[in-house]
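Some notes on the structure that comes next.
Letters A, B, C and D name the chains as they come in the text, with residue numbers starting at 1 for each one.
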Amino acid sequence: MTLFLEQVLNGLQFGTMLFLMAAGLTLVFGVMGLINLAHGSLYMVGAFAAAAAAAATGNFLLAIVAALAAAALAGAIVEIVVLRRLYRRDHLDQVLATFALILIFSEGVRWIFGSFPLYLDVPRALAGAVHVGPLSYPLYRLAIIVVGIAVAVGLWLLINRTRLGVQIRAGEADREMIAALGIDIARLYTVVFALGAALAGLAGALIGPIQSVQVGMGEPVLIMAFVVVVIGGIGSIRGALVGAILVGVTDTLGRFLLPIVLGGFMDQASAMSVGSALASMSIYILMAVILVWRPTGLMGAH
Amino acid sequence: MPKPILRINGLEKSFGALKATNGVTLDLYPGEIHALIGPNGAGKSTLIKQIVGEIRPDAGSIDFEGQPIDRLDAADRARIGLARTFQVSQIAPELSAVRNVMLAVEAREGRVFRFFRPVSRDLDLIAAAMAFLHDAGLGERAAIHAADLSHGERRQLEFAMALALKPKVFLMDEPMAGLSPDGSKRMTAFLSELRHTAPILLVEHDMEAVFALADRISVLVYGQVIATGTVADIRANPEVRTAYLGDEAA
Amino acid sequence: MTARTTFAAALSAALLASTAIAAPVKVGMITTLSGGGAGLGIDVRDGFMLALKQAGDAGAEVTLITEDDQQKPEVGVQLADKMIQSDNVDILTGIIFSNIALAVVPAAVKQGKFYLSPNAGPSQLAGKGCDPNYFNVAYQNDNQHEAAGEYANTLGYKNIFILAPNYPAGKDSLNGFKRFYKGELAGELYTKLGQTDFAAEIAQIKASGADSVFFFLPGGMGISFIKQFANADAGLPMMGPGFSFDQDVLGAVGDAALGAINTAQWSPDLDNEANKGFVAAFEAEYGRLPSVYASQGYDTAQLILSAQAAADIADHDAYHAALKAADFPSVRGSFKFGNNQHPIQNFYAREVVKRDDGVITNRIVGTAFENHVDAYAAECPMQ
Amino acid sequence: MSRETILNVAILAGLLAVALGAWASGEPFVVQLATRAAILGMAGVGLNLALGYGGLVSFGHAAFFGIGGYAAGILASAAQNYEPLMTWPVELPGTTSMPIIWLTAVIAAGLIALPIGALSLRTGGVHFIMITLAFAQMIYYFAISWPAYGGEDGLSIYVRNSLGTLDTMSPLTFFLIAFALLLLVLGLVLVATRSRFGLALAMARQNPLRLTSMGVRPFNVRLTAFVLSAMAVALAGALYADLNRFVSPTMLSWHLSGELIVFVILGGVGRPCGPLIGACIYVLLEQWLGGLTDYWQFPLGVILLLVVLFARGGVIGLVTGRNANA
């Protein structure tokens, strides 16, 4: 039971991390209708910036700030130089352009930082585990959950309580309307894209200390984030949150439970092998099931 | 009187708090033009969309040739003979005019999933499409890309496609919209003849055309039919005058 | 004066003679130089180049063509075709990953080219699929895992938890470990390949009552696991094959790996002359400690150089004999080929330690196997 | 003849000439490159049916490429190892006969494309892109973790499969086989897009509302195009497996889906020969840039970016000066 509880926590933590990725993706799509494959590259940029800053200063907070700044800056530059020209194009051009950006980012980062994974460790203050009764849980992972929730709340406040939020909502509802409201669309788009990029960079910086900071690290996460966005409904931040938690918990519990369940009616070795094969497909199966039920996702517009 | 070919019973549709269609009952008889008029936002387009099956009503039923068609989707309804023309012409801009119409002929024949024979060598198909283009007055422009047609010509192309479907009923959403006075006049003459091919349920803002064409008129206000009758009935109806015509007549 | 001239003449004649034997050899290196696995390929290449450079004139007799396989098997096959058909190479080498080796090697050796593996050693090529033209200069894939299993007995582990990714090399790894390990298994897990979050697995390890954990997780997966495991306060000793704790990994995980035991056929502190020279030269040349991959690349080049000194590539059989003799000063100390042309060598247990200058590296703490022969050699029909 | 037709004939003739010339001058590797361009071009032509003509931006066509490859790999390895393919309900032997392998690849891909397409086509636009990607990933992970057919190690076909009495191991013969199939696929795609179905597909892309109002469900038309396109890509995949004599999950990876899209856009969307030109250019760029620097994907990315931004309509658009889908 303790183990199960711990696995649920693990699922939540994985989910909050996916949320940080998916929120930026879905925000950018909701406001400017852009599909951004290079979102995973911004995650990588965040992690590398954090690792470089941590190595230089030894301060984890500074590393986070560096990650936010680097990813937001990279995002803003990409938006101004490239993506701005693509909003009116069809999705096909966007797919190709952002695919090209992945190549540029990956090789560019490798050029600058070399081919070996970088060092980035959990800050001393957050190292180790907390113990509650029989349950012990890594403090750093708890911190990620807290940050994830804080970001979710912050985004909610931003969208519902600020002027920028009004503009974002207007942009989602009706592109012409924001022009009519006298809003500088070009600036709004740059800001929104940089915000999405910063969220991805934050995810990268937070995950860097417990995973490998290396080229290509963003791609598996990007595809997971796509699944989250599709499940939650494209353009919906609330959907991204629900989808992320759902995917996080499904993936974690699938890895944990499937071999055990299958072990009930087949021998251990094949239960292990079939179970892990199924577990690696579990979130895609979840997605397919949800799409049969609701083609536009859980919170998608109809 | 003969039986109605299309009958709408107590149709209701709400969008949130807005009742776009509020218990509408209408019918259409063979050989007639039944005009549907009403101020902007009265729910005319919503009603048309429910008849063709693009959106589902919350309540009520639609009968076509005496059979309920509520369970049929938009494509099925088109196939049994409900042809629709759009307020904004719906065409394939990258195809030539005649190709647009050829597709309509194919669709009516139910022979869309043929993969091998190039349509450019399908002389019967081309001839059939050309005939409808001529009927719609666009024969000269058959080879032009639809994107390069003028607004009026697109409207003609739209009609050629509708004719090619050989429907039993036409549902027309503002066919006069955006036409020049001259164009409207020709469209009026065209529609007047067309009613003998198949009856028309006509949504239109151009009152001159409506009064010239309609056998019957229904007035839709806030999702409700407040009056149905001949041109004379409607002109004389005090409720209609205050609710709708009054403003324009004044 | 005459005496000296005669001596010089004799010397140059001898040199000329030796160059006459060693007709230039063309070596095609297909290795991973881009993407996530690039670090390993770069180390193999750098080790190889270092050996050529140190050999001076003899090194210049080896023409090296290097190409990037992008870690994609089909690209590897295309490059091999190009090198064989267009560049007319005599020897192929360089491949890091077993799946690429399996795609490239069988066709290449059938076309009469030598393939010298500086890393990958899939079981298929060690057993029934062995070939006279195929030499493995590194190890058979199972070896490091077998050594870990054996050394787990030495360490007195009784209830170990083992995990690896769900792909063929992962299964070979755990099977290799179990072949020599005598204690109980607290659990056995296969993860998704490429997975980077192991929270669920670590929770299971902690709950299993294991006294230790053995894992084989290549590349970024291993880095993630080590960091997360250290951070979970599990308090269990970690073990793994050498590649899970090698120099490329240690730089990225830092203190999290300290104390972990791992097994490999080589270590930077291995005490022999060749190795001391190699480690010092590598650090001087590239400014970083060599990894086990670099040592393998270095030995591969040395093997070619030794064959060059003894035979002409035009004489295939003689060259084969020269390669098989493996007459070179390996950085591993003792080195010879078995009947299946895979190394018979020692495997050491290494511990991850922090040097006084703060660099984290491995130190030998014991020997797991002496002159170890791989498990598939008996299936190979060659003598 | 229009400039585009001249260009199409020129590229096909050019590819053939390069292969024959290289063979005559003893450059078998160049023949191999030409074969690779022909096969990847064929996959691009197949994808173009869905993507260019149908407007369905599938980011998961690598799945079908891989399924074609695995059909070849599984059938061939079963035959080469004298093991039956399956024993239940009937015992089926493997085969090394190319035509049977091609047929199997095409049918298998069609059967798998049907449910994937049916589910994905319930949505459109960005949803469609992401969902096709996710389905392809699902198949990718299945291939990696399912041990029966080599998993991540892939499957080797030690000798190319056979076609009658031809020596398929000869690079030129194999090129000619691939080239002939490329012509066949190109021809079929060309015919299909000019048929009655092609008209309906064009309307489904340009104006689905109108198509519905004609009584034809755009869903059916799109699904047909999706499945046909998957089948063409699978045929290319089966040939690719034979070219490399090897199949692995990388044939199913999302990078490959991206590359297939690159071929289509690079050459020109909705142009019959566009993807072939795109594939040829891509193969050349890869060779050329790969020789210049380890970081060759960086300039490749920059070139692709410039094409998207400034060369709308791809290379054919540049040459002929107009954009097919403007």
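Assume a contact is a pair of C-beta atoms (placed from the backbone, for glycine too) under 8 Å apart; a residue touches a chain by one contact, two chains touch by 3 or more.
For clarity, every value in this text was computed on a predicted model and none was experimentally measured.
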item	value
Chain whose average C-alpha position is farthest from subunit C's own	B
Pair exhibiting more inter-chain C-beta contacts, C-D or A-D	A-D
Interchain centroid distance [CA atoms averaged], subunit C/subunit D, Å	37
Inter-centroid spacing, subunit D versus subunit A (mean Cα positions, whole Å)	31
CA centroid of subunit A to CA centroid of subunit B, Å	48
Length of the line joining the C-alpha centres of subunit B and subunit C, rounded to whole Å	76
Residues of subunit C touching at least two other chains	33-34, 166, 192-193
For subunit B, residues contacting two or more additional chains	none
Residues within subunit D bordering two or more other chains	141, 144-145, 147, 295-297
Listing of all chain pairs that touch each other, if any do	A-C, A-D, B-D, C-D
Subunit D residues within the subunit A interface of the complex	51, 57, 59, 119, 122-123, 125-127, 129-131, 133-135, 137-138, 141-142, 144-147, 254, 258, 261-262, 265, 269, 295-298, 300-302, 304-305, 307-309, 312
Touching residues (chain side subunit B, partner subunit D) in the complex	52, 54, 73-76, 78-79, 83-84, 86, 90-95, 99-100, 102-104, 106-108, 111-120, 122, 125, 161, 165
Residues of subunit C that touch subunit A when the two form their complex	33-36, 38-39, 42, 166, 188-194, 196-197, 199-201, 203-204, 206-207, 219-224, 227-228, 231-233, 248-249, 251-256
Subunit D to subunit B touching residues, read off their complex	191-192, 194-200, 202-203, 206-207, 209-217, 220-221, 224, 324-325
Subunit C residues touching subunit D - in the complex, by the definition given at the top	33-34, 67-68, 72-74, 77-78, 81-82, 85-86, 98-99, 102-103, 106-107, 110, 122, 166-169, 171, 192-193
